[in-house]
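Listed next: structures, encoded as structure tokens.
In what follows, chain A forms one complex with chain B and a second complex with chain C.
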Partner chain A sequence: MAETAVTLPSPDKRPWLEVGTFLTRYGSWLALALLILVNLAITPNFATWQTLNVNLTQVCTIVIVGVGMTLVIATGGIDLSVGALMAIAGALAPLIFLGKLFPLPHPLVGIALAFVIPLIATALLGLFNGWLITHLRIQPIIATLVLFIAGRGIAQVFTNGNLQVFNLPEFQFIGLGRLFGIPFQAILMVIIVVTVAWVLRRTVFGREVLAIGGNERAARLAGIPVASVKQRVYLISGVLSGLAGLIVIARNSAADANLVGLGMELDAIAAVAVGGTLLTGGRASVIGTLVGALIIQLVRYTLLANGVPDAAALVAKAAIIVLAVWLQRQNYR
Partner chain B sequence: MDSTRLKLFRGIGRYGVLLALIILIVFGWLRYENFLGLFNVLSVLRYNSMFALVALGMCFVIITGGIDLSVGSTAALGSVVAALLSPYGILPGLLGGLAAGFAIGACNAFIITRLNILPFIATLATMLAASGCALLLAENQSVSVSYDSGFTEIGQGDFFSFPIPAWIALFVYLLGSLVLNLTSFGRTVLAVGGNEDATRLMGLPAGRVKAAVYIMSGCLSGLAGVILAAQFGAGQPIEGVGWELFAIAAVVVGGTLLTGGVGSVGSTLVGVLLLGLIFNILNFENGLGWISLSAYWQSVIRGAFLLLVVSIQARLSLRAEEAT
Partner chain C sequence: MAPLLHMHGISKHFAGIPALREAEFIVEKGEVHALIGQNGAGKSTLIKLLTGYYRRDAGEIVFDGRQVTFTSPQEAQGAGISTIYQEINLVPYRSVTENICLGREKRRFGLLDWPAMHQEAKALLARFRITIDVRRPLMAFPTAVQQMIAIARAIGFDAKLVIMDEPTSSLDEREVEVLFSVIRQLKGAGVSVIFVSHKLDELYAVCDRVTIMRDGRTVQTAPMSSISRLDLVTTMLGRELTQALQERPSPQPESETAPPALAVSHLVIGQKVRDVSFSVRPGEIVGLAGLLGAGRTETVRAVFGADRSDGGQVTFAGKQNAIGSPADAIRAGMGFCSEDRKLEGIIPDMSVRENLTLALLPQLARHGIVDEERSRAIVDRFIQRLGIRCSGPEQRIRELSGGNQQKVLLARWLCMNPKLLILDEPTRGIDVGAKAEILHLIRELAGQGLGVLMISSELEEVVEAASRIFVLRDGRTVAELEGDSLTEQSVMTAMAHGSGNERETAHG
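Here is the complex of A and B:
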């Protein structure tokens, strides 16, 4: 399943080991298939268009943020600020299209700016994370902790902590719209996953990201512009978080700076971990992150649809994360 | 760069936090009436003692080069268990909260040392699990504690007119400082953070020490949960969100390196007080009436403060690197 393996597969040819390798390599796909089969068997009304849509819309923002997180983790870093950046983008957009920040010449201009300005803002904040990490050499977990703490506060100060309610179909297309009956956000998600997976696998930038995660010093000696690559990675994570924030508020027809993206950093990291990306960097799979997020979502859906309380689903999620990471470790002993 | 300037830089790094705390206190004392009044001082200490306990556990974990994200939900679980047991008296409530913390800490220790999973992911998972357990036990609502059994004394009571939770925190910090500096366990904790492989090759029980550190962090979080329940009169399953990052921030502000091997118990306490005082000063500032900053500014200011401290630390360590 890994799109990219820096470590060579072991030359061991014993058949049972191959079964083991197969299981750990394609384990998450198998788990996903198994989950779908189990659901088809026990969950009423599982094979419906509506179930698919519900699950897709719930997993969508986690995947979009998770893709950025995958790149960050591939360089050996981590980005705790994603949820706070979602809140900032979500707070900024309504302020713009409701004309609270500056007068709007035309409503459509407001809508266009409501997409552009929040994304630029979160891009700059992502770049700020990257700058702290590369120039001041602060560890990623601490550097992004700064915006994790301050970011949501900034969003709350912007809106005074108030709920901003709106009804603006043109803007909300990103969260509520459909193309050929498929939620637009799901299409967006697939485009992002495919693009970034391609970038990671086929472009120089992608190889540089993995090289830095594998061995930063060696990457530097090989002439890779480590600082610039890292900054771009955090910038991408910022933009994708901003986009996810816009989707969330469009879906809810309301922006609540206290809640948008709350706990998203952990959901995204969990998806990345379950998806088979090494948390120490150097090996990453964007498709894996998609599968990881789908597994976590589907387990929760299965439990909820069969009457298990949400709290117990949390415990199950914890078990899945540990199990998935432990199984992957067996492959790389 | 000559050695005296190098020493100066190291000195700033070491005592800078303490200096910042003193400056903040003097600032508050000059600017606000009653800032150093008994009521304010005691309530700041009472409220921040829970964070202090959590941060101490985090400090030990970080010194070994690990991290514990589960502290907040462990405290929530501890508060729920303590509240459920509070009708039976102080001791059952206290022991129940500690046992809940111990259980989560033991899970962390097992996953990290036996399954060899990174602390970040392991404790992320147990964070979810602890939160789930707390919600299940509390049936998704806060559990009020019994006021008849004297349980609330742990959070609200005084002993020699000093808050009991602050006594607990003080005692635990003294103990923690002694353990880290004077026992072989403490030296091994520092050694594991410095170089785990070397520690293992020297025949020191690296795995056992790591396990002990996570169990300790779990127990301290459970204890913080007991105080939380006693102080606010309820076990709160959804409390503790973001505590882990507050604790990490306090430890880092206190000068403990996240890479492990270096750290001090005393500076962690200073870090906690520093971050706690910012909130207190904000309240006083609003009370003056010149400006009106909403509570939302608190997190912005805390973030900015964290940024300031870590960038100064980063500069100092870069200079020190260049000097050597």
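Here is the complex of A and C:
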């Protein structure tokens, strides 16, 4: 038999494929840049501190909760309880600094405890989520549904369903204060984003989170303490939710257990999804979550600032989510 | 009389690799014909060619007197070839009639013709001597009856040939009896059955003839009563009785006296492992041999702490029963490559570097921060040492070939400098070249004092690599073979019968 030289057809590089790869990788940045450009062109008074501050304060709590959600989703889980945990933290803090739970030796002690106790409480509730998932082996979506349902009820029991109004600048600094003219909550957000992004990239914990999301059985056989890592992830999500709850009530000078953090779980998940984190786990981008939240916020702002009603803005938000997730899917076919 | 089915000169390639080479398969009318062979011998391919699931490259199929080429399982079913799957999917809340007639309902004036359907269901079940009220919901009947109903549905009225591919793997003993009585009734009605199973007892209980497959060929067809278990196993695994003794590196003198790195005695895990004992000395390669379901994988998983055991002692590095999780095992100096690389080995989205250093992470970190420089140095060293072919340490592992993925997983353990490495099917799904490289590497490592515990379905491979082999059968250690008594023949004898010169294992 004669040997025939076969020239393999070189895989033709279709230009649209390259564009697709580029879009999936940098699409969210591109969209953000585009949105800013569009706004600079059409929205009056867009390039002002005022606008920046408004948008940053709107997006802060979503990003802070979204960072915790990113870690949870990176392990292949989900946390529906974040909004309810915000309400619990938001209900607890005023009870403490108003001295309704126990007498305060000094107002400053009350303020300190008003930060510490709610965060410990939400940390423990996050740990409870993790415990349900790792020890009772309940699906994350069901396990965190428990506190999604019960959490807001708990917050209402604390406050008898009353609106708590207060005026306490030392406490409210977290929501209203400014450093060098920048809202303190925005600084807090940036610190959290940078820290967690670094943790995910450089630490053993970060690597373990991604390994579990990537292949849980393989991770376990490689000696990774799967249960403990998962519990820590839900704990972190709980703490960050608590923090977001405190920011919200500080901003509003009031705590309403019915409203604090309402619908936050979906906003956070949307930000994570738009930011390019795989909902099946194993790949995550905290910076992406920040960008995702900014995109969603900016679209809403653009529409509102140009006279489109909020109801229509919600439809636009949904459309962005679909578009973003569809774009990311292109990589995994 | 012409046979019901004659498959002649059947060949099939997948991506250039032959799966079937001129296979011959003849099934007579009204016989129960066993089809056996190791994994990858070509049984499933042969059956899927027959039922139109695949298309053959060469050969011809004569079924019921005419030459056929089915293009889909539906077409084969229409011609009278029914396949029964392991899972039985019926609707428990609906009546027996509805279940039987699902998808082929009788209609009259656009409405369901219930009397006709009940009649048909009754008549069909009568063929299997089941007389029940077909209007009652399926769940009202015992599981065994439900099973029969499912089989009856699959076979219908027109089946001339019924294929059962490992039908008993999910059944308990009573249900197996029910199935066997169905098979006998089918046979009585002149229907032929092809029965695929790994369980020798079942083959002898119900089959008339057997065809043995190996490496894509049908190597022997014989009446069940004329072939001994040993011949069956020997033919299946492909070694002749006259096989010469293998030259084998004799165990190093120091390891003969050294205390075992791992000693397992009287291990029990549920129903699968009843009494398993063995030991591995430093610098020694020990094989665990046995047929599918003998309890090999269950045993090593329990040793590594991946699954719980229910009794017995596992002594590793001088400590007894100290391993409760893979993390414990790794800390004590054990590594484990699972048999399923994809499901339990690689993290597909992670890089070669991240996969390779996964188990080493705790040691690579200072205050929880990964020392990337050290990690890179280690990864570079192992890529070079094991000859891992990748574009670089940052390439995603899913893009590598099976053999190179396996090398990364070996490196995952080797970089920890373990005392014992457990390898469950280390060469499965790997091309021949990489296979040889990996086996060579394992031997080299043992030469440096690493204890290796190895499972492989390729008997030739274990017998060649191991200096001692423990044979498992039905969850028990039935033989320990070493030195001159360790031949493929002796291993196969022990796998088939237990061992004539059965020895108690002395260790532990």
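Note that the second predicted complex is superposed on the first by the 317 of 333 C-alpha atoms of A that agree within 3 Å, B and C clash if a C-alpha of one lies under 4 Å from a C-alpha of the other, contacts with A are read in each partner's own complex, and residues count from 1 in each chain.
Everything that follows uses one rule, which is that a contact is a pair of C-beta atoms (placed from the backbone, for glycine too) under 8 Å apart; a residue touches a chain by one contact, two chains touch by 3 or more.
What you see is a predicted model; the values in this text were computed from it and never measured.
> Determine, for the superposed arrangement built on chain A, whether chain B and chain C clash or fit.
Aligned through their shared chain, the two binders fit side by side on chain A.
> Look at the residues of chain A and decide whether chain B or chain C touches more of them.
B
> For A:225, decide between first (touching chain B), second (touching chain C), both and neither.
Only chain C is touched by A:225; chain B is not.
> Taking the superposition as given, does A:283 touch the first partner, chain B, the second, chain C, both, or neither?
So A:283 only meets chain C here.
> Contact-wise, after the overlay, does A:178 reach chain B, chain C, both or neither (first, second, both, neither)?
Neither chain B nor chain C is touched by A:178.
> In the superposed arrangement, which partner chain does A:215 touch: chain B (first), chain C (second), both, or neither?
Second partner only, chain C.
> Looking at the overlay, does A:100 come into contact with chain B only (first), chain C only (second), both, or neither?
Neither partner.
> Which value in Å is the smallest Cα separation between chain B and chain C when the structures are fitted on chain A?
5
> Can you list the residues of chain A that touch chain B in one structure and chain C in the other?
Dual-contact residues (chain A): none.
> Please name which positions on chain A make contact with chain B in the complex.
78, 80, 132, 136-139, 141-143, 145-154, 156-157, 160-161, 263, 266, 269-270, 273, 279-280, 309-315, 317-319, 321-322, 325-326, 329
> Hey, which residues of chain A end up touching chain C in the complex?
Of all residues in chain A, those touching chain C are 202-205, 207-208, 210-211, 214-215, 217-225, 282-283.
> Mind pulling up the chain B residues that touch chain A in the complex?
Chain B residues touching chain A: 67, 69, 111, 115-118, 120-122, 124-129, 131-136, 140, 241, 245, 248-249, 252, 258-259, 294, 296-304, 306-307, 310-311, 314-315, 318.
> Please output the residues of chain C touching chain A within their complex, sorted ascending.
304, 306, 325-327, 329-331, 336, 338, 343-350, 354, 358-359, 361-362, 364-365, 368-370, 372, 412
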